[in-house]
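Shown next, in C-alpha cells, is the structure this report addresses.
Labels A, B, C and D are assigned to the chains in the order they are written; within every chain, residues are numbered from 1.
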C-alpha cells in the first residue's frame, strides 16, 4: 500500500504544479511535495526493513532490496534538488525573463520526471518500466529546452531523437522478452512481471533472450550514456538548467542502469553469466576510457562533469559486469554515492555559473575568494567525485579494483588508466576554478541554495566511513539478487 | 703508556718535520730545474716570519674566517695521530678508520672553502668552487684505492691494513698497482701540486689552493701553510703505509724503532724525489682538463677493485 | 488462446500478406524522396498495422485487441499523419528530402538489412507457433529499415517520420508476433506515443521560430572541437 | 597493561592532533592567540607520539579494531617496532617543526591561518595513521589523507599558478602511486583484502614468483612515487619549495620516509621470500636517483629548491642501503642485511633532522631577508648569526662530514658495501664496490652542493637583500633542538643502533652486535671501528692546544682592513660567484644532462636556465600523447545527429551479429 502512497505523493504534485506552480509559491509547493514523497519513502523503507521485499497492486508493484536503496536515493536527491531549484529558478526566471507559464511547465515537468522515476523503480512490470523510462525522457526534453535558446533546442532535439530511438529499441527488447515469456507462462498480463519472469528465468528461450537483452542494452544503454551511445548526454547536461543536469546525472542514469540490471538477472538465468557480463564489462570499460579522455580538453564546466557522469556510470556498469557479490555490491555503492555526489557537484556548479555568468572554466576563478562556502562545497564535491577518502566512491572504487584484479587481472591497467586520466582531466580545472583571484563582475548570491550539497556530502562521507548495517544488508541482498 | 707516548711522538714528529719535507721537495724541484735551491729549511724561516707578522682580517668577514686556520690545523693534527707512520695500533688509531680519515680531510677542506667564501672576494670564491670540484672528483678515487686495500685485508682500519699487508712480504698485488697509480694522482690533486695546481704561482686565473688564502696573513696564513705541509706529509705517509708498509712495527715492538725510523725517513726522501721529478716533467693542465685527469684516477681505482675481484688478490 | 481451423485456413495467409505489405511500405519509405508521399506511406503503414491487429483479434478472439486496433487506426493511420500534413503546410516545409546517401545505395543497404534480420530471426521463427511464424523477422526488418531511413535523411520531419515508422514496426511485433502485449503496457505505449507526438509538434514550432527552417544543419552546432 | 600502552598513547596523540586542528580552525580568528596556544600544545602531542614509538620498540605488537564502513571491513590499527621507529622519527621532527611553526605563522592572514591550522594537523594525523594502519583499506585511506592534506599545504599560496601546478602534479602522481599500492596489496592479500584482511594475514604471503615480482614492482612504483625516486621525482622540486617552510620540513623529513616505511613493511614482512633481482634493481634506482638529485641540487639558485633536490639525493642513498639489505637478505646473509638496513634507517632519521633543520632555516631566511633566491642573499652570517650557526651545523651534517650524524650513516653504508665479497655471486659482489664509489661520488658532490648552499647564502657580501633580521625565539629554539639532535646522533651512534635492534629483529630475524660505549664496531673491532666522540675530543684538543699556544706566543690583536680586490679599484658584491657561477664547472662537465640554455632577461643580462631532462624527455611527450588521444576521442562528438544515430545503429547491428 505504501508503494502506492509514494507514487501518489509524487503524482498528485503534477496537476497542482501545472496549475499553480509559478513563482515562489510554485517553488514552495515543489519542495512540499518532495518532502511528502521523501517521508512516504522513509515509511516504505521502514516497512521493507520490517518485512522484507513485497509486491502490491496485484503484483504490479514491487519493492525489494535493490529498488528500495535506489528509491531512497531518489527521494533524497529529489528533495534537495527541489530545495536547490528554488533560489536557482528565481534567479533564472529573472535572467531569462521566463513567463509564468514556463515556470509552471518547469515545475510540472520536473515533478512528472521524479514521479516517473519512482514508478520505474517501483513497478514490477517490465513493460511499465519501459513506459516510465519513456515518460521520464519526454518530461525532461522540455526541461532541457526550457530557455528556448538555439543551443537548448538543439540539445533537446538530439536528446529526444536519440533517446527516443534508443527506447524504441528497448521496447523491442521488452516485446521479445514477452515473446519468450509467453512460451512458458502463456498469454497474459503477468507474463511481463519481473518476479514471475525471475521465477522461470532458467527456462526462458536463450536465443530470444540474447536478442532481447541486446536490444534492451542498446536501448537503456543510450540513457545510461554508454559509449558510443552517449552523444546526447553532454549536450543535454550542458544546455539544460543545472537542477535538471543534477537529476539527469543523479537519477535518470541510475534508473536506466537499474532497468538493465533487472534484465541482466533474467538473461543470466537463460544463458548463464558470461553473456551479459562480457557485454557490460566491454561497454563499461569503453565508456570509462572514452569519457576520461574526453575530459582532458573540456572548456565547459557542465560538459566536463557530464563526461564524468559517463565515466562513473561506465565504472558501475563495469563492476556489474565483473559480477560476483562483491563487485555487484561495489557497483551499487558506486551508483548511490555517485548520484548523491554528482548532484551536489551540479548544484554548486550551477550556482557558480549563475554568479559568474558563464559556463567557461576559464572565466570561473577564485570561488574560494568570492564565495568561500560555495568554493568549499564545490571543492569537496569534486574531491569526492574523484574518489578521495572519506568519499563513498573511494570505498566503491577500492572494492571494484580489488575484485577486478581478482576476476580479470589484465583489465586492471585499463581501469587505472581511465581513473588516472579522469583525475588529470578534472582536478586541474577544479583548482583553477576554486583558487586564485576572481574576475570582476561577479554577482555573489546567498548560499542557502547549496545547503543540500553539505547534507548530501555528509551522507556520502558516511557511506565511506560507516555504512549503517541495514543499508549494508540491503545492498548485500541486492548484490546476491543480481548475482543470481 | 708507551702507546700514548708513541702517539705524541708521531704527532709532533709529523708536525715538525712536515715543513722540512715540503722544503726538501722545493729544493729538489729547484735543483731539477737548474735553479739555486733556497735550502730545505726555507719553510721554517717562512713560518717563523709569518708567525711574527701582524695578521689582518678582511672587512666583513665573520668568525669563520678566524676559526678556519685552527680548525684545519687541528684536523690535520688528529689525522697525524691516526695514520700509522711510526707504528701500527696506536691508541687513537681505532677512533677513525680510512673512511673517517677521508672524512676528516674533507672536513678540513670544507672549512677552508667556507673561510674563502666568507671573504666574498672574486678570486677566493673562484678557488673555492674549483677546490670543491677537484676534491669532489678526487674523493671517490681515493676511497676506491682504499677500498681495494681494505678488501684485501678485510678491514678498513688503516693500521690493520698495514699490519696485514706487511704479513705477506714482497707479494705485490696486481690490484694494488692500479690502486697505487690512482692514489698518486689523488695525492697530486689534493695537495695542489702540478699538474692540477701550481703551489708556486699566484697567477689568479689558474690557481686553486692559493686563491683561497689570498686574504690570510700573519699567524693565520702560517697555520694554513703549515697545515698544507702536514697534509702533504700525511698523504705521502698514507701512500707509504699502503704500498711500502714494511718497517712499520706494531706498537708493542717499540724497541725496533731505532731500526725502522731511518728506513721511514729514507722512504720519505724517495717519495720527495719522485714527486719532484713528476712536477718537473709534467706541465700544468688547463683547469678544465683537470676533471679528466681525476676521472683517470677514479678509473684506475675502479680497475683496481675489479682486478681484486677477478684475480681474487 | 485457440485459433479455429478455418481461421488458420484463411487468416494466417492474410496476416502474412499484411506483414509483407508492411515491409514493402517500409522499403517504399526508404526509397521515397518527397516528404508528402512519405507521410502518406506512413499513414498506409498505420492502416496495415491496424488491419493486422484487427485480424489477430479476430483470430484469437481477444477483445482488448479490438480496442488496440481501433486505437492504432485512430492514432497511427489518421491522427498523426493528418497533423503532420498540417504542420507541413503551416511550416511551409516542402520540396524533396535530400538524403545523405543516394537512394540506390540506401536500398541495397536496406536489402542487406532485411536479410540480416531474417537470418537473425530464423532460429526464433523455428520455435514459434503457426500464427506468428516469420513475424518477428519482418517486424525486426521493418524496424531496422526505419532506423536506416532516419540515418539517411536530413530534414527534421523526415526523421520524425522514420521515428514513427520504427514505432509501427514495434507495434507490429507487439501485436502479430506476440499476439498482443498486456493491455496496460499497450495503453502506456500508446500514451507515450501521443505525448511524444505532442512534444514533437511543440518542437517543430520552437525550431521553426528559432531557425526559421526545418533543416537539420541548424541543429548541428554543439560539437567538440 | 603496559603492553597495550603504546598503541593507546599513539592513537590518543593522533586524536589530540585532530582536536587541536579543529580548535585551531575555530580560533583562527585570533592569530597570535591561536599560534601561541595550538602549536606548542600540538608539539607536546608530537612528543607523546615519539614516546609511544619508544615504548613500542620494546613492547609486544598490539592491535586495535573499529567497525569500518562495512562490518567486514574494519578500521584496524597496530603498532610494532617498525612503526615505532618511524613514529619516533615523526614525533621528534614534528615536535621541533611545530615549535618553529608557533613563531613562523604569526604573520598569516586569518582565513589562511584557519585553513592552515586544520590542514597542518590533518597532515600530521595522516602520517601518524599511515604508520598505525593495520589493513590495506585503512592504510590507503590514511595514505590519501596524507597526500590530500599535504597537497592543500603545498597550495597555501594558491594565488601563484606555479604552486597550483606543482600541487596538481604532486597529487596526480601521488594518486597514481596510491592506485599502484592498492594493486600490490590486492596481489599480496588476495580476496582477503575486501574482507579487511589485516596485515598480519599478509605476512609472508605465498605467491608464485611471477605474481610476487608483480606485487613488488607495483608497490615499489607506488611508494617511489611518494619517495620521489627517478623517474617519479618530477613533482618534488616544485612541491617542496611551494609549501611554507615548516611544511616543507615535514614533507621532506617525514613524509618521504613514509614511503620507505611502506617498502620495508611490504618487502621484508609481506613478501618474505625475496627474488634475487629485486635488490640490485632497487640499488640501481637508488644510485641513479642519488646522483641525479645531487647533480641538480648543485645547480639550483633557490635555497628551498636546492634542498628539495638534495632530498631526492638522500632518498636515493636510503634506497641504495635498502637495496643492499635486500641483496644480502635474498642471499641469506642476515647479519649483513641488518647492517645495511641499519644504515638505511639511521640515514632516514638523520635526514629527517638535518633536512628539517635546513628547511626551517631557509624559512627563517625567507622571513628575515625576504627571499630564498641565493642570488639576492649573502653575508647573512652577520645579520642572523644564530640561524647561520645552526645552518652551518646542518650543512656539515648533510655534507656527510665527521663527527656529525650524516657521516655515521654513510660510514655504515660503506662498511656494508665492503662486506659484499661474502656474496656467492661474484659478478654482483664485483659490481657492488663500484656502486660504493658511486655513493662516495654522490656524497662528495653533496658536499659541493651544500657548501654552495651555505657559502652563497650566508657568507660573503650581501647581494640583493641588504637588511635581514634574526629569526624569532620560537624559530631559533626549534633549530637549536634539531642541531642538538644532529650532534647527538653524530657523537653517540651506539645509542640509536642499539635502539634499532628490535626493528631489525622484526624485519630480518636478527640484529647485529650490540654497540657498547662510545665505540661503533658493527662487525668487529678488527674489521672496522669508529668513535666519533673520541674523534671529536682529539680534534678539539688539537685545535684548542694550537690556539692557546699560538695565542700565547704570537697573540696580537687583529686589524680590520678592506679585502683585497685583486687590483680592481672597487669591490662590488656582483664580483662574487653567483649561485650558478659557483656550479659552473659542473654545468660544463655535465652540460648534456642539464640542457642549460642561456637567455637574455629584461635588463639585458644573460640568464642561465636549467631544464629538467625527464620533464622534457618523458612527461611532456606523455601529456601531449594524452591530449592527442583526447582530441581523437572527441571527434566522435561532432554534432551531426544522423551520425550519432549511425553509431547506435552500428552498435546494435554489431552486437546482434556477434553475440546472438
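Note that in this section a contact is a pair of C-beta atoms (placed from the backbone, for glycine too) under 8 Å apart; a residue touches a chain by one contact, two chains touch by 3 or more.
What you see is a predicted model, and the numbers here were worked out from it, not measured in a lab.
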Distance in touch steps, counted as few as possible, from chain A out to chain B: 2
Top chain pair, ranked by number of contacting C-beta pairs: B-D
Where chain B and chain C are represented by their mean Cα positions, the distance between them in whole Å: 101
Computed distance of Cα centres, chain D from chain C, in Å: 70
Whole-Å gap separating chain A and chain C, where each centre is the average of the chain's CA atoms: 31
Distance from the mean Cα position of chain D to that of chain B, given in whole angstrom: 36
Touching two or more other chains - residues of chain B: none
Residue list for chain C, restricted to those that touch at least two other chains: 120, 147, 150, 159, 219-222, 224
Chain A: positions in contact with at least two other chains: 157-158, 161, 165, 207, 211, 294, 297
Chain pairs that touch, as defined at the top of this document: A-C, A-D, B-D, C-D
Residue ranges of chain C in contact with chain D within the complex: 100, 116, 120, 144, 147-148, 150-154, 159, 216, 219-225
List of chain A residues in touch with chain D within their complex: 157-158, 161-162, 165-166, 169, 207, 210-211, 214-215, 217-218, 222, 227-229, 231-232, 234, 275, 279, 290, 293-297, 326, 368, 372, 383, 388-390, 392, 394-395, 398-399, 401-403, 405-406, 412, 416, 419-421, 423-425, 427-428, 431-432, 435-437, 463-467, 469, 472
In the complex, chain D residues that touch chain C: 634-635, 637-642, 645-646, 649, 652-653, 656-657, 660
Residues of chain B touching chain D in the complex: 51-52, 54-62, 64, 66, 70-71, 73-75, 77-78, 81, 92, 94-97, 99-100, 103-104, 106-107, 110, 113-114, 117-123, 125-126, 128-130, 132-133, 135-137, 139-140, 143-144, 147, 150-151, 154-157, 160, 204, 214-215, 218-219, 223, 288, 291, 298, 301-302, 305-306, 309-310
Footprint of chain A on chain D - complex, ascending: 67-71, 73, 111, 137, 140-141, 144-145, 148, 155, 158-159, 161, 164-165, 167-168, 171-172, 175-176, 179-180, 182-183, 186-187, 190-191, 193-194, 626-627, 629-631, 633-634, 636-637, 641, 644-645, 647-648, 651-652, 655-656, 659-660
